[in-house]
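Structures follow.
Presented sequentially are two complexes of chain A, the first with chain B as partner and the second with chain C.
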Partner chain A sequence: MSAAEEVVGEGHQAVEAVPKRAMTLGMGTSLVVLAALLIAPVFVKNFIIFQMTMLLIYGLAVLALNILTGGSGQFSLGQSAFYAVGAYTSAVLMEYFNVNYALTIPISATVCFGFGYLFGKPALRLSGVYLALATFALATAMPQLLKLNFLEHWTGGVQGLVVTKPDAPFGLPMSQDMWLYYFTLAVTLAIYIFSVNLLRSRSGRAFMAIRDNEIAASSMGVNVSLYKTLAFGVSAGITGVAGSLGAIAVQFVAPDSYTITLAISLFLGMVVGGVGWLPGSFVGAAFIIFVPNMAESISKGLSGAVFGVLLFLVIYLVPHGARQIAILGQQFVGKLRKN
Partner chain B sequence: MTAVRFQVAALWTALALCTAISNPALAQKKYDSGASDTEIRIGNIMPYSGPASAYAAIGKAEEAYFNKVNAEGGVNGRKIRFISYDDAYSPPKSVEQARKLVESDGVLLIFGSLGTSTNGAIRKYMNEKKVPQLFVASGASKWNDPKQYPWTMGWQPSYASEARIYAKYIMKEKPGGKVGVLYQNDDFGKDYLKGLKDGLGAKASMIVLQEAYDTSEPAIDEHVVKLKASGADVFISITTPKFAAQAIKKAAEINWHPVHIVSNVSASVGGVIEPAGLEISQGVLSASYLKDGSDPQWNADDGMKRFYNFLAQYDPKANKLDAGVVFGYAAAQTMVKVLQMCGDDLTRENVMKQAASLKDFETDTLLPGIKINTAPDHFAPIEQLQMMRFKGRKWELFGDIISSEIGH
Partner chain C sequence: MELFTNQVLAGIATGAIYACMALAVVMIYQAIDHLNFAQGEMAMFSTFISWQLMQWGVSYWAAFIITLAFSFVAGIAIERILFKPLVKAPVLTNVAGFIALFAIINSSAGLIWDFTIKQYPTPFGSSPFLGSQLISTHQAGMIGVTVLLLLGLYFFFQYTRIGLAMRAAASVPESARLVGINTSWMIALGWGMATAIGSIAGMLIAPVVFLEPNMMGGVLIYGFAAAVLGGLTSPFGAVVGGFLVGVFENLAGTYIPGVGNELKLPIALALIISVLVVKPAGLFGRQIVKRV
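On to the complex of A and B.
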């Protein structure tokens, strides 16, 4: 894997396992993006705000997968299952127990962390395509599990559950959509900063050591099984938060919402955004939200085929996804500065 | 200064005159977002891709029908713009598309969106926004709830309505019968079972055994054997196509010949009866509300002639054997009828008001005698079906049109 070569090639930088820039945006760019995200809702319609909220939510879910795959090198096609658990946790708590929506998010995160950690245990014995298949099974099973009879009292079965959308607190003069957007933005920001720091911490270095060479990692004293399951847990926890936010934004949960298609979309988002590059998660999310709409406007009957062609172009032209474009842009700016 | 004052005064007078003249006209024409003198924008959400994409035929037929209406001059001179989006049968996508239709495209209403959970996902939003969600293409009975959801209305007979019709039939034809029910363990099956029990009312004890099966079961033989052992002589099979065929086969195998009723969803000749075997399927009962595009008995029927002409002219690629095409045509016809009734008052409120006051409306592709009726407290447009019996190679309708209302 190329990442291994990079580490060898940049041996003198051994203190910082991953150069900061390889994983995040520069300080200036980050601030510009953040400012844009903060100001944009003031100027656009509620519908666009809703789409931006969904972008952040899917971005979080892709980010979670990015930590798992880009960080610890484990594949997962089962993210939709964690997303569903998060969504249902929030929906059930809000609708049956009248728990405040904001409180349901840490609860979802904890539940999903536990779920992911436990799933990571047996998954330890699997790697590569076999792990992908095991998680695939999880994703296909989840919608059916949600329809189970003895759970139906809580999950609403096939009919799903309707979730009440929260109003802005303290009588703030903003629409529900706008409030939810800022709320999501705050959560996303917190998780993003947490993720960046996680990957740059000791645990993050352990993840990446495992990704690059498991045997070498264990011989250096990294507890491979612990860190692998931990990566699963963290990834599931973040996906769960995304699921919770998704349930609140969409105001509805049903088994049909969390099929394998969602898991594959998230996987796609990660590849398009650039594996291992965290800001790319949000570019990937934009791809999975907007490109199907674009494809549909080109041809309704062949929307799937058009989407396929667009995806093929992306992979062919920029195989490293948005990360590649960002690096090219950076080089270009660098050249301009020199001149 | 005086000149200015004079000008201002003149302007005011002119303005006052204008308002005075145009007021009566304004009073007649009222528009909400999506309607104007020249256009009515109608939104729609269909699974053009994904697991349920076979139903997309409905959306295409509806679009073709609106094209026909436009070619013939539109509704009261206004052209219909039918904006139909794909949700791939995924509820979160339905929400996104519904919001796009309402907030970005500014449609007057959303018509004929397909699916139970997809429509369930947008129902609350539509009612909060007070945008009509008309003629939902789903058989769940929950769309008839005008008190809680005054902006949502179904169209086709609900599963519960159909089941009530079977109950009526049984009580009339086999009052001393013992009923065995096999039902799918999901919302479809349960909706049905409830309708059956409501329909039987005090005689619900006629049901000697109700057996549930899960779609994950590979075969349902065991349930059929149990039902036979219970001594039932009426077998109601609330099943989806694959299982309906299995049940017909198994009953013949164990030499059980009850009065066998299969649900309308599984009344397909190609999908259920032929795979099960034509011979053993003779005499199986079901009910229907649409004319069958493949049935030659309708060749001379005026409504179906219009339907076939429409297909030839506006949708030549559509498969007339596909029940979805027949369905879409009839639903679009109902929609156009409501818009005609609205006249020049194209507000969302009036659309709902008119949709809730359809009286004995008949469309070209509904069975003769089936009439669409709605009222402000009754949001279930079609509630009648006709019993049919499988004979030879096709279904034969028999008996009167039966209404599913209890006590009629």
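On to the complex of A and C.
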């Protein structure tokens, strides 16, 4: 098959172009959603509050992948590794150095940013399937690396580490779960606003230019390698924050919680939420948290099959994810206003 | 030195498994331009079908042929029913579809045949091959079948009209359509062939790793790695890649201290990535020329 030199024309991109205005929700809708998130915990049980916390945390992790894939067009199956690094950074700092939990979050963000940035350097030469394989290698290596003997003193090896759950500060009359929820919500909100503004900024436009056409972007003066590694760094940093919050919420870190399965879930969350649509990340997070449980309650033995079928239904009905529903909703509202 | 040759031989023996799988991966990549994550599970399911047939008293070769035919038809059916509607959907949505298919097949096989490990017969016997303790006749047979498959595929793609049509449909779909090739059916045909090759791989691998619903997890990863290493556009490269990965992995496990069994996979992957950084299209892959 050495014959036939192939010429691949343009228009064959891994990620479709999403205009930057379409990447976020409108102001009004955002405020309504925020209000709902603020009030909800008052009315529900602690377990549901915990699940909502996890939803925000996974939402952040999916958001991070969305910036990388939807924003800069690079694909990663290695997000679970960054998540693990974040979780372990927090856990080790809290348990061995008695650092306040809130302070560990910027630290793990910085550590993960550095890690992601450095990983992005060699990954520069790879794209598409090859990048997927490289990040996949990272994801499979991470649990094994955490179990290594000379790290065992810090990481607790296979057993992992137990993390103490923080109490509400200033004597606020709140359960631990509720405090942690509001804390997570505040962090999520800050990162969400940061991400929206990042994608609107000069750097965000550079990401999207690279996603849409690397050669054109570089001829317009965009420093392709800088922005590609930067996207990796930012994505890893945000995933690290999610990992830290996850460790604090679950109160436990162990190597086997951060396998490739986690990375695949995050990827599915991104697809279901809509690639390149930031609010969709949280819809996708809801999908990866609740649908497996739902599938299990429908049929224990066939839970995997039920999950697969549900996933197929979603991608048939809305191949572009939750974004598609949002666009349809918007058009519908627009029509109502005209009449 | 003897340790070295022994490890290389053992590597070649496991490499044959990866080569088989990599060949199936490349086949489907040629036809549909995606990596199919459910490929291993499809092969596993086919292998279970053949096992079931043998349990019912069908002879090995009859079961082999029936499974091959079944897999070919099933592959086409999966493409027509599940993936044809997704042709226009974004690439990443297709990948999600593969993951869904993976979950469905894995869980159904677990329900039908449960998760206990089953013995699987081999047609080649398992006595030492040419007096070597490391390669059994089964593994030698496996290498032989892989090479035969490769030759068969080479002639199919190079010298038959339909092979030519499939190549055309995969590389330039628009122009292929203009000269009257039914590209949509070429994709279905690619799925059928890939599934059939996958089922052969499954039936050859099963005697070594034993039959169970999760038997393909590790093998598929190595298969992908081998395919990427050899170059996703080249079936020959995939087979060579498979053997290289097998040898790599064994030597790393033996000579790098502290690697052991757990770190074998990450090390093998890391080596592959270093190769890719130098040769981004894989060892034997065609450099894809981009039009600006």
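Methods note: the second predicted complex is superposed on the first by the 318 of 339 C-alpha atoms of A that agree within 3 Å, B and C clash if a C-alpha of one lies under 4 Å from a C-alpha of the other, contacts with A are read in each partner's own complex, and residues count from 1 in each chain.
As a working rule, contacts are C-beta pairs under 8 Å (C-beta built on N, C-alpha and C of every residue); 3 or more make two chains touch, one makes a residue touch a chain.
These figures come from a predicted structure and were not determined experimentally.
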First, second, both or neither for A:I238, with chain B first and chain C second: neither
First (chain B), second (chain C), both or neither touched by A:L266: neither
Chain B versus chain C as contact partner of A:S257, first or second or both or neither: first
First, second, both or neither for A:K147, with chain B first and chain C second: both
Touched partner set for A:Y316, first chain B, second chain C, both or neither: second
Superposition-derived comparison: chain B or chain C, residues of chain A touched: C
First, second, both or neither for A:L126, with chain B first and chain C second: second
Contacts of A:G304 with chain B and chain C, given as first, second, both or neither: both
Chain B versus chain C as contact partner of A:Q159, first or second or both or neither: first
Which of chain B and chain C A:L63 touches, first, second, both or neither: neither
Contacts on chain A seen with chain B and repeated with chain C across the two complexes: 144, 147, 149, 301, 303-304
Contacting residues of chain A [partner chain C, same complex]: 1-2, 4-10, 14-16, 69, 75, 122, 125-126, 129-130, 132-134, 136-137, 140-141, 144-145, 147, 149, 215, 264, 267-268, 270-272, 275, 301-309, 311-312, 315-316, 319-321
Touching residues (chain side chain C, partner chain A) in the complex: 35, 82, 85-86, 88-93, 95-97, 99-104, 106-108, 110-111, 154, 157-158, 167, 171-172, 221, 224-225, 228, 232-235, 258, 262-263, 265-266, 269-270, 272-273, 276-277, 280, 286, 288-292
For the chain A and chain B complex, residues of the former touching the latter: 45-48, 50-51, 54, 144, 147, 149, 157-160, 162, 246, 250-252, 254-257, 259, 261-262, 289, 292, 296, 300-301, 303-304
Complex contact set, residues of chain B against chain A: 48-50, 84-86, 88-92, 95-96, 99-100, 102-104, 116-118, 120-125, 140, 142, 185-187, 216
